[in-house]
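For reference, chains read A, B and C in written order, and residue numbers begin at 1 within each chain.
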Amino acid sequence: MSRQVFAYIKHSAGEVEDSAYELIKVAEQIDPQAEVTALLFGTGDELDKACQQAASIYPQVWKVDKQEHSYPNAELIRPQMMNLLPADAVVLASFDTFGMDLTPGLSVKMGSSHLADIVGVEGMEGDTLKAVRQEHGGQVHTHVTCDMSSGAILSVRGGVFPASEGGQSGQVVDKTAEAGDVQARRKFLEVREAEIGEVDITKEDILISIGRGIEEEENIEIAQELAEAAGGVVSCSRPVVDAKWMDKSRQVGTSGKTVKPKIYLAMGISGSFQHMGGVKGNPFIVAVNKNSKAPIFQVAHVGVVEDLLEFAPTLTEKIQEMK
Amino acid sequence: MNILVCVKRVPDPAENEIEINKDGSDIDREDLVYSVNEWDNYAVEEAIQIRDQHGGSVTVVSVGDEDSEEILRREMAMGADQGILVSDDAFQGSDGLGLATILKSVAESGNYDLILAGAQSDEGAAQTGGMLAALLDYPYASLVNEIQVQGGDKLQVGREIEGGNQEVNEIELPCVLSIQSGINEPRYVGIRGIRKVSGVEIPEKGASDLGLSEDQVGEQAARVKRVDYFHPEMGEGAEILEGSTEEVAEKLVELLKSKGGLK
Amino acid sequence: MEHLLIPPAEISVLGIPGIFLSLLIPVVGICAFLYIIARRLIPLAKGTSDPRFDRFPTRIKKVLLYWLAQYKQPRYRLAGVLHILIFAGFIILSIRSISLVIMGVNPEFVFPGLDGTSGVVYSVLKDYAATVVLLACIAAGIRRGVFKPERYKVPAKYGTEHTWEAIFVLGLIGGLMVFESLFEATAVAAQAQQGAAVEMVAPLSLAWFFSIVLGAAPIAALQSMHSAAYFLHDLIFFFFLCFLPFGKHFHVISSIFNVVFLKLDRGRVKPVRWDVSDEELDNLESFGVRHLEDFTWKHMLDFYTCVDCGRCSDNCPAATVGRPLSPRFISIKARDHCFDRFPVFGEIKEREPLVGNVFEEDEIWSCTTCGACEEECPVMNEYIDKMVDLRRAMVEEGKVPQSLQKPLGALEKRGNPYGKMEKKRQEWTQELPEGVQVQVAGSKENPETLFFVDSASSFDERLQEIARASATILHYCGEDFGILGKAERDSGHEVRRFGEEMLFQTLRDTNTQAIQNSGAKRLLTSDPHAFNALNKDYADIPPAQHISQFILDKIRSGAIKLKPLQEDVSLVTYHDPCYMGRHNLLYDTPRQILDSIPGLTRVEMERSRDRSFCCGGGGLMLFYEPPEEEQRMGQKRAQMIAETGADLVVSCCPFCLTNLEDGIKTSGKEGQIQIMDLTELVVRHLDWENK
């Protein structure tokens, strides 16, 4: 029997999020024979556009078109999903700020298992899924099993699974009527945009961190450009803050911020333990330093022995070329 | 407002290097130091601030072994009015749902208007609050970084969403919220503060006190189980990339891409 | 001697007999004064205990030095000299003033012992004293009113300028001098006119000048002036007396008591409560200073005595770099709060918490406990103990900056502020130079000497060099030494000074036990903070030496031989760590070691020895982030180092090393100035061949 797998697809401004391309791959890893259906909640043209895009990834797309979904509210979507889905459905969602709102409660309401933040799939044994997670802020990995016999809700970490190439020509089915009308006891009011220039390095996945090797305030530009290309932000070590070249809020270290990125690119940072003490979560550390004896190379996974002022612009170029 | 805050005792991430024991069945617990889960601590501080402004009480509950009493005392030293220790061998091996089921019984044994939990803990699943809300059939909001009490039966809450933006919601009481770090500045608890509450009785509740059976909690009921711990393959020290600047940059781009590091 | 003018006692003013006035003014004045003082003593009586009634011979010596001889005054040359002149004049004239008051009743009164020749000598002396005081007052007035020195300025956030008060008081003092002299001069002028025997007037004195000017005045005018001068002097004298306890001139009365009861133990921190033992601390309702009354009586006396001279803040590193702290206003704000709550007239007000109303949290956290303020204070006010007491109360209320909570938590759990595992405490020994070995006490035999490393030198990679250099020196000297290894905890020096007393006691007790178990006969450390803690904060352990004391002994005994200065250094300056110098008076020991290196030329910074400028502080201070700061203290100090032209700065404290190294690097002086710990410099110059 092939499983019915559903992927909850986040979208905004008529475009699906990157996770849409990854969730189908996760579904395939769980069960290559699975019928995978994309689920999209939203309204109007933007929803239709997103559904079209989803149909290029998934063989089947269900859409629920209601005004109330113009901004996703898990408290409304959860009961509507219960109305739509078979009791033993396997639901995939992205482990993000919406997924955290949606999936734990959904699993309880559906009577399904809940497995959060998976970073790898090892395979199925009967109805039991074996998957990989991380614990202790990413310091250790674990193998976990999940009994899927009465359905399962799985949330998936973004960016770790491969992305589908697309090329499907799925069918979009309007499920609005079946979703039913529900009342939520939580009402969305507004989104307050973060102030410009206010960057929380503790929440970023990619940090381009600069140290004394940046030499002059003007050179910070080089790091900014690299960060933009790589989709990260610039953080720094203490001397850069002491020199008042960057705001204190950007400082990584025991006297600065504790960060938990996935990628930490340390440029011109010697890697004192006060600095590295602020780097948690077992990120992939790349060290760029002209001093091959810098202690940073002891903790880094990959090292580049070059002057960052020369290397960073080249790297920026290469990243842009790749895009 | 009567507030229940769920807290957990975890290896302190700031003061430990987590290693795995020889057979991978557990992390190496020798030399570990524990503290209250950081997010839970923010939740307790928030509860205390709400109580101080609007009246009511703060109860902290922890599911764990006897050692968890230590963190309950710490939170009581911070200002929580009472603590409840929930401990029973039957709870061993509970999965997220099992834990939420235990907490549901605790919540129902009191009269709480607001239940707070940390957004996540050492296991990083960020699920306890959401499951508890569903079990109680309360509305839920995760990653809350701001709470304003609106009249008698509503809260306005801010949620931290991607890009450092804040999503503002109105939520009805009673409800469950999971608290994001940084919502406040938790007060310091000194050794003296803990000693002051060292004599306070902390009631301990077991499975039978809460009316829970083996098919609801514990290893038998768990549908999600941890098999082992492991470290993924990774070389010792830095692998130094060799070649011209161009070549090295190209190699690095490939590596970063494979690590999901380029968006 | 003949009275040609009618003495004040015998005249009548508007029909009132003069004797009545000259009795009334002192009686009213003294009663009012006693009432005011009684009111002012109320808060002191409510204060907490503070045992200062001991070691009187020492205290008397201190009074002679700091009060009578005004020892600290000349640290600020002009102001100091003016103050000494006014002070000395006051002392001399106090006898004359008392005599005058009594003469208002008994015109024939002569102060006991001042008849005959001694009386003449005194008369000359006091004439000159009055003249000098008047001139000094004029000079001081011009200085305050016209030149307005920077350090008297009052930033808006701390209150309003009160130059008027200073000028007013100088005016009162000047008035006393003028009327005293006039009283005498009129009598002398009358005597001279009538050809009677003339009292001795000191030539060129104020009285002499008046007597010449008034030489031709009619007797009636002289009589009026004579009586008026007397009563004006009387009025000003008693007005002044009663005015003193209302402001900074309270010090005229209180400073002698402040000096008598000064703190005699350098580097020590007061216990939580003097009258409560460590074992009984748990019974205390609250810790530290939350309200004014929680201060000790002596600390409140400090507030009364503060002269508002600004010398403390002028030397305070926190104030200098723009942190929200000025020790001067700690005293002044507390004094004003005290005056407000315990007014001379009216009801005593309800107490209110000091932090939040009088002080800001960050004001109290900004202090590095360097002691520069206390060193400078001419009336021996204390600050560190007050800071610690205020912090103790904040710690208890949970008001601890987030930046300090993490290291405090780590200290509680791991015994070091970095949160490193206990077993890693001895990892620095893995990279010792060849041949050097460090044994862990208790592992084999118990060593004679225990090297107490403390957290910074154990865990910080750069600072581990100090531990290794120290071990190398001990090895060179053939010393039988060991370390506690993972049994060692942070000394707790800063933990205590940051107000977390119970955590400190836990650390202290663990270390004490470990040290006692080691059986060591003496302790050595290269960290002045640990050195201070072990000697001042601990008990029942062997005495501790700083490694520099050990090194100097060995140089003197010939056990350490040093090679000539290496060629990459031409001029050396020494930075005094606060807990070496000010708190332990070890100014010369490190300098003598430097001078033992052949060919080394040493230069002093302008701010050195007891005026050394704190590097930024040690221990927990490394983690504290002040909300405002224009510059890091280490950068400021780096400037001062650069001004000497030295290309090497040497210190002997791990925190100074790390802060100054950062300061040098971030102010672009890397490559221009080298920095080394004293132990590192000594290791570089150890002569292994000719041992």
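Criterion: a residue touches a chain if its C-beta (ideal position, glycine included) is under 8 Å from a C-beta of that chain, and two chains touch if they have at least 3 such contacts.
If you're wondering where the values come from, they're calculated on a predicted model, not measured in any experiment.
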Work out the mean Cα position per chain and let me know which chain is farthest from chain A. C
By count of C-beta pairs in contact, the leading pair of chains: A-B
Between chain B and chain C, centroid-to-centroid distance (C-alpha), Å: 49
Which whole number of Å gives the spacing of the CA centres of chain A and chain B? 21
Could you work out how far the Cα centre of chain A sits from that of chain C, in whole Å? 58
For chain C, jot down the residues that touch at least 2 other chains. 406, 419
Per-residue multi-chain contacts in chain B, two or more chains: 14, 17
Given the complex, residues on chain A that touch chain C span 212, 238-239, 242-243, 248, 254-255, 272-274, 277, 295
With touch defined as at the start, can you tell me which chain C residues reach chain B in the complex? 281-282, 287, 395-400, 402, 404-406, 408-410, 412-414, 419-423, 500-503, 506
Across the complex, what residues on chain C touch chain A? 403, 406-407, 418-419, 459-462, 622-623, 625, 632, 635, 662, 665-666
Which bits of chain B are touching chain A when the two form their complex? 11, 13-14, 17-18, 20, 27, 96-97, 100, 119, 122-131, 133-135, 138-143, 156, 158-172, 175, 178, 223-232, 234-235, 237-241, 245-246, 248-250, 252-253, 255-257, 259-263
Note: in the complex, chain A contacts chain B through residues 73-75, 95-98, 100-109, 113-117, 130, 133-147, 158-160, 184-194, 198-200, 203, 205-206, 230-232, 258, 262-263, 280, 284-287, 292, 296-306, 310-311, 314-315, 317-319, 322
